[in-house]
Amino acid sequence: MAALVYEMELQPAFHDIDVMEIVWHGHYVKYLEIARCALLAQLDYDYPQMRASGYGWPIVDMRLKYVRPATFGQRIAVRCEIVEWECRLKINYLVRDVQTGRKLTSAYTIQVAVDMVTQQMQYVCPPVLWQKLGVQP
Amino acid sequence: MAALVYEMELQPAFHDIDVMEIVWHGHYVKYLEIARCALLAQLDYDYPQMRASGYGWPIVDMRLKYVRPATFGQRIAVRCEIVEWECRLKINYLVRDVQTGRKLTSAYTIQVAVDMVTQQMQYVCPPVLWQKLGVQP
Amino acid sequence: MAALVYEMELQPAFHDIDVMEIVWHGHYVKYLEIARCALLAQLDYDYPQMRASGYGWPIVDMRLKYVRPATFGQRIAVRCEIVEWECRLKINYLVRDVQTGRKLTSAYTIQVAVDMVTQQMQYVCPPVLWQKLGVQP
Amino acid sequence: MAALVYEMELQPAFHDIDVMEIVWHGHYVKYLEIARCALLAQLDYDYPQMRASGYGWPIVDMRLKYVRPATFGQRIAVRCEIVEWECRLKINYLVRDVQTGRKLTSAYTIQVAVDMVTQQMQYVCPPVLWQKLGVQP
């Protein structure tokens, strides 16, 4: 079974900071995506491979809980982990301050497979996902 | 009691469309904010008035459910409604296609008041919110 | 000859404001694009029609001069005008404060046609542009 | 004299790619800023130190020339170099493909000092810039 977890470090850019001097809440969606893509690339199933497999994987549900704000130049760690893969691809996220380890944000995203030819949403994940993840449905 | 509902029309810009030819899921956070700010401006409690009142109102929880995608130039309606104001400010959102009325996305955001001097989170909303909204706690 | 000018009003959103309490300079690129797309849509040659005509029109040169900053909720007018169409599509922009008429930003963008099949850049604009614009090369 | 040059590697994220399957031209402004901030941080004169010195440094002029597009996941190198510091801070940028070294984009930004108390633009750069850069005016 492949590693279904990935953790990376990021630093919020100047253009991510709002007038309250914290990262604007919407920019975390970018941080989640950067970590998710890195995780999926590690599994050889990032966006280009998804497309080549005939499936799009739109986000259908996303939730973020903001515990503490992040600021300009702060070193933050974004950890993501695949926790569901049978009928949908669910990934949990934890954003922490690198120095103290304190939780800043937690989140999840849920994606479903859509057949790119028929545009039909799949109610069970296609086997290509399980092969890439090295898991059993 | 003031109108706690606001609806506006938007059109996704070219730079909001991703390689799958739909609005990238993270950009909806901007659409929610544009509608929320218009609603709060109507109540004379948008960001500048919040600041003048001594409180920041960070988003602490946000959830979006994506039902159907939006595309370039599509006319979409964003409706938002304040549904909680006692201990936190909760706003529900509904994004629909203007022509068909079909639901595209539903969402909520939860904000809490933070005293800008003490940086303390308020466990009850400050009375200025109720005055602006014309509601009783 | 079609109107090669378009002017529209915009209001910078909260998420466009940086920690200096002004619109972050990179966000003006979005404002230019929103006005440019509205101008091109008026001429029936916006992004979808470009694509249908077999040409992409990437930006190859862009310059912005920032005279005065814009702030949250300020009403700004973005005016754009097509000024070259023979070998390249050049558009000039002027961003002004609505109330005072004072110039905030001036800019230009230059686009060239790229044949979507051969990926070859065109050194003369394709006739479809002139037809849509109602101009002579 | 301090090193007035900085080069870093970046990878365009999924949310930076437009429907033409290339990095949307406006997102390069972010890449320039990430590299510029890293250069200025190396010189101990990034945004927080600028602010502490009593000066804001808004961008007043910016130009980008796009030679070749960048795509999702491509490794790109962003090099920036301070080339003027007497009356204004001018930085040149070169964005290249890491594997081939081929030029993708060139750009410059020009910033001027603004006294944060008087809001007056400075027609000569304040000495703090020269001290941080280790240069003579």
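Details
Just so it is clear, A, B, C and D label the chains in written order, and each chain counts residues from 1 on its own.
Operating definition for what follows: a contact is a pair of C-beta atoms (placed from the backbone, for glycine too) under 8 Å apart; a residue touches a chain by one contact, two chains touch by 3 or more.
These numbers come from a predicted model, not from an experiment.
The minimum number of touch steps linking chain A to chain C comes to 1. Counting C-beta pairs in contact, the pair that comes out ahead of the other among B-C and B-D is B-C. Here the spacing of chain C and chain D, counted between their Cα centres, is 23 Å.
Chain B and chain C, compared by their mean Cα positions, are separated by 29 Å.
As a whole-number value, the distance joining the C-alpha centres of chain B and chain D reads 34 Å. Within chain A, the positions touching two or more other chains are listed as 14-15, 19, 26, 30, 33, 47, 72. By the touch criterion stated above, chain A contacts chain C in their complex at residues 14-15, 17-19, 21, 24, 26, 72.
By the touch criterion given at the top, residues 19-20, 22, 25-26, 29-30, 33, 47, 56, 58-67, 69 of chain B touch chain A in their complex. The part of chain A that touches chain D in the complex is made up of residues 13-15, 30, 33-34, 37, 41, 46-48, 72-73.
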